[in-house]
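One chain, chain A, appears in both complexes that follow, with chain B as partner in the first and chain C in the second.
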Partner chain A sequence: MSTFDASTLIYVIQIVIGGLLVGIGVHFVPVGGAPAAMAQATGVGTGTVQLATGSGLTGLISAGLMMSVTDNILLIVLSGAVGAMIMMDVTMIVGNWVYIYGIGVPPVAAKVDYDPITKDPQPPYISPGTVGHGVPTVSYVSGTIGGLLGGAGGSLIYYALMNINGVSGLSAFFAIGIFVVNAVIASYNIQGTIEGFHDPKFKRIPRAIQACFIATLIIGIFAVLIHGGA
Partner chain B sequence: MDMVSMGLLAAMGALATIAGTSEDLESDVGSQSNPNSQVQLAAQVGHTHRIYNKAISGEPPSNALYAALAAVTASVLMSDAYGMNAFFSIAVGSLVAAVFNGILSMTSYMGRNTSQARFNQYVYLDVLRSHTTTIMAHAYITAFCVVAISYIMTAPWLPIQHPFPLPVIAFTWGIALGAIGSSTGDVHYGAEREFQQYPFGAGLNAANSGDIVTKGEAGLRSSIDNAWFCAKFGGPVTGLAFGLIVFLDNWRTTIFDPATQGWYAIATGVLIVVLLNVYNRILEVRSKKRYGPYPEYVGDIKA
Partner chain C sequence: MSVAAGGGESKIDKTKLTMYGLGGGILGIYLAHVLNMITGTGYFSFLAGLGAIAAIVMGADAVRRVCAYGIGTGVPSIGMMAMGMGLVAAMFGLAVAGVAGPIIGIAIAMGFGYFVGMLANKIIKMNIPVMEEVLMSLGGAGAVVIIALSVVISGQIGYQDMLNDVVFTGFIAIVFIAGALAILQPFNANLGPDETQDRTLVHAISTGGLAMFAAGIGSLITVGVGGAVLTMLIAAAIWLKAFLWYFKLVKRDSAGVVGTGLLAEGGL
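Here is the complex of A and B:
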């Protein structure tokens, strides 16, 4: 007969915090979905879940390497966050190369008249019939924060699962699953496209926090039980 | 840091660059990912075409599938039961992934085009024959490179010892690679190559959706023509993106031993991120200065 103890509860809490970080992080990632692939909307030209998962899992690889040599939670989580930020930033830079040199459009945000960070005017640079293109400074900074939160969240989930079973492959796969669930929930909340934290859709974040909390709590309890934590 | 680790890191960066390039070109020949929305719309707005049409799924899940398939096959062949050499195991594994890719591509092309029969969109058997093999060849290169990177990170006799098993790490890199290809190179195909009849220097006007170019430099345009065009810019920069990510992410843990200098590795990563943010700002300012505001702009806000 197995019982819940204090450490099991801590693992569930860590998984829930990780899930919430992922859910919040996705809201920061500037993605324009299919329209952005035709330079028709601001942001990276792919899906929210795709980019957030790609960066979060790159972070997971860094966190996994770190966890094989240390059990310092801060080092592991930060390592994951930095790995995810590097992936996100390189992708956005190269995305901007394609927009600027391949298509000939400057990066510009359409949801605001002036960039909240640089105060640059935006509307004169929006090509006719589109709602912005590329990754302007505000979206870039927002994407970096998104990578940070997503990478940290994914690593925290991995850290909790690894402490329960000690099998890296199984923990990594469960962490990927929990990551994707939260990314999809957040993606529904922003309906697939968002420019960054300056976008009006960003105000919907409390709803995502509620949904991600419930989803991750249920998955977290099951994940801990399946992995033999109780 | 030792010279062997540095050499392996350089090999990983080079393999990642090739993987990124071939992944992007594979999705261009097959017209996967987001720009395919325009290919599907084209027939419905009266432009029948000879472009391949295989939006099997988003690129990250499909590439994760191919990479994981190749890695699982390779690990089984490398195991004690079969004892095959790593190089040939990865080659056979990638072949399995390429065959799966071919099956999914063909069913996808036939399914999508037959469903558009009411818009006079045909299934071209010559397109199917010539393009599917091209797609499979690119998928083979991608899967081979991704599994080779994963093998370098996990092989017990090499200095980099990643704890994840080979298939999991290949799956993870596959997801990351698909996300990068979808975010970078495909934009060159979607925003430029598909709409080359419109002037350079503007995004696609929403009113022109579906009006893709169907005529080629000679005859009708096929998806292999699209890969030829994208191989000049979209493909290589995608390769550069994946190469940079694999290199930079592993470089900081190669020059600083994570066991004893973990904080230095993280600080190096943060420095890279800060530099990239500054570089993006420089890019933005330079591009706005070079291109200037749009002549059609009539608003009150001055540039």
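Here is the complex of A and C:
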């Protein structure tokens, strides 16, 4: 068992901050779930965990790559954030191609009358019987922020664990483990779907922050005690 | 993703399933470890795979109990969370407690599960009465599956060998995702108002067989060809038997299975 000293405490704090970033990031990602898969709701047509894990894993790969050349925490976290943002953006834009050219629906948000970024009116474009479709500009920007927070959080957890056990496979999967727990808690908070930061559900974020803080703290304390073998 | 999944009655009691799942899992892990050590071979690794299947059935039952409430995020999320909690707890147990590792790891995973369930109910206010108890079972099932599939690959429990055989080789990724899918897929595939417990659980046996088969492929380069082929053969037999059984239950539960042939010319 590793000893528990001042530097371990710092790693626990880093893991907790990472977990919080993941939990907050999920609230920004436009997840539409099954209705969105049928173009009947705004967002990408899959679940929070799939989206968060996809972008989180890409973030871990880019963070791991950066970690092989430098120890600078800022560069590693930024690299992870950029990797996750790219993954998130690619997912959203390819999803939009399918919605626009495949299904033939315009991307539109249903929770606001005017897109807060482009100021375009939204209600005229909503097909009757649906609650929006595609990934409109505001959701796209929101999703990119979500990727940034999620990727930064995941790579911060990875960085802390790598410094403790030095085994990349172990650290990566612990990071994914902690990532998934936080992503699921956060997605319970939004009940599985959200359009982005303009969605009224976004105001529930304080509850997720409390829950993610406690959950990550408990799991993080166990995670930092695991050594990387002889 | 909101699946108001329904789900039929439970014929098999949850306590019994949890007991068999945990007991079978721990028994399989230790039997594989001890018999492999005594004989100095890898032929008994398959016993850990059988333990994993017991835990997968228990996990799948926990998934169907909680998802019947409509958790709003899709069935896969809860299976992934089970593995996330299980992984950290399992590795902690193995790293600090040596041979007692699996038991410690499983206990901690169940603690995580109870705790996260409490957070979901008290802070997120999901108000699902079975949340704590179900996440406790799921955390335990996740930890058993991770350890058992890892033992299939490494042949024994020691932490250092586990690192060498499972983590450094990258097989941990397969253990994680194959285990998660085996737990979440049965209910995800069978959900709906006509879901029946025995059909879901038989499906869990077949997905468990597939996870065991995947671990068996991994063990080709770690425990040797003999033990690996034995694991794979047993896993394939389990899968075949369970899948045919499952198909029979599908036909039992469906309104009717009728061969219509192709549509006639101009039939559309």
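Please note the rule applied: the second predicted complex is superposed on the first by the 223 of 230 C-alpha atoms of A that agree within 3 Å, B and C clash if a C-alpha of one lies under 4 Å from a C-alpha of the other, contacts with A are read in each partner's own complex, and residues count from 1 in each chain.
FYI, a residue touches a chain if its C-beta (ideal position, glycine included) is under 8 Å from a C-beta of that chain, and two chains touch if they have at least 3 such contacts.
Just so it is clear, the model here is predicted, and its values are computed rather than measured.
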item: Touching partner for A:185 - first (chain B), second (chain C), both, neither; value: second
item: Touched partner set for A:39, first chain B, second chain C, both or neither; value: first
item: Which of chain B and chain C A:140 touches, first, second, both or neither; value: first
item: Contacts of A:173 with chain B and chain C, given as first, second, both or neither; value: both
item: Touched partner set for A:227, first chain B, second chain C, both or neither; value: second
item: First (chain B), second (chain C), both or neither touched by A:200; value: neither
item: Which superposed partner A:50 touches (first chain B, second chain C, both, neither); value: both
item: First (chain B), second (chain C), both or neither touched by A:66; value: first
item: Chain A residues touched by each partner, larger count belonging to chain B or chain C; value: B
item: Contact residues common to both interfaces of chain A (with chain B and with chain C); value: 33-34, 47, 49-50, 53, 169, 173, 176
item: Contact set on chain C toward chain A in their complex; value: 1-3, 71-74, 76-78, 80-81, 83-85, 87-89, 91-92, 95-96, 108, 112, 115-116, 119-120, 123-126, 159-160, 163-164, 167-168, 170, 172-173, 176
item: Residue numbers on chain A that touch chain B, as the complex places them; value: 33-40, 44-47, 49-51, 53-55, 57-58, 60-62, 64-70, 72, 75, 78-79, 82-83, 85-87, 89-108, 113-114, 118, 120-130, 133-137, 140-141, 144, 168-169, 172-173, 176
item: Residues of chain B touching chain A in the complex; value: 33-35, 37-38, 58-60, 161-165, 168-169, 171-173, 175-176, 178-180, 182-188, 190-192, 194-195, 200-209, 233-234, 237-238, 240-241, 244-245, 248-249, 252-253, 258-259, 262-263, 265-266, 269-270, 272-273, 276-277, 279-281, 283-284, 287-288, 291, 293-294, 296-297, 299, 301-303
item: Contacting residues of chain A [partner chain C, same complex]; value: 1, 31, 33-34, 47-50, 53, 167, 169-170, 173-174, 176-181, 183-185, 187-189, 191-193, 207-208, 210-211, 214-215, 218-219, 222-223, 225-230
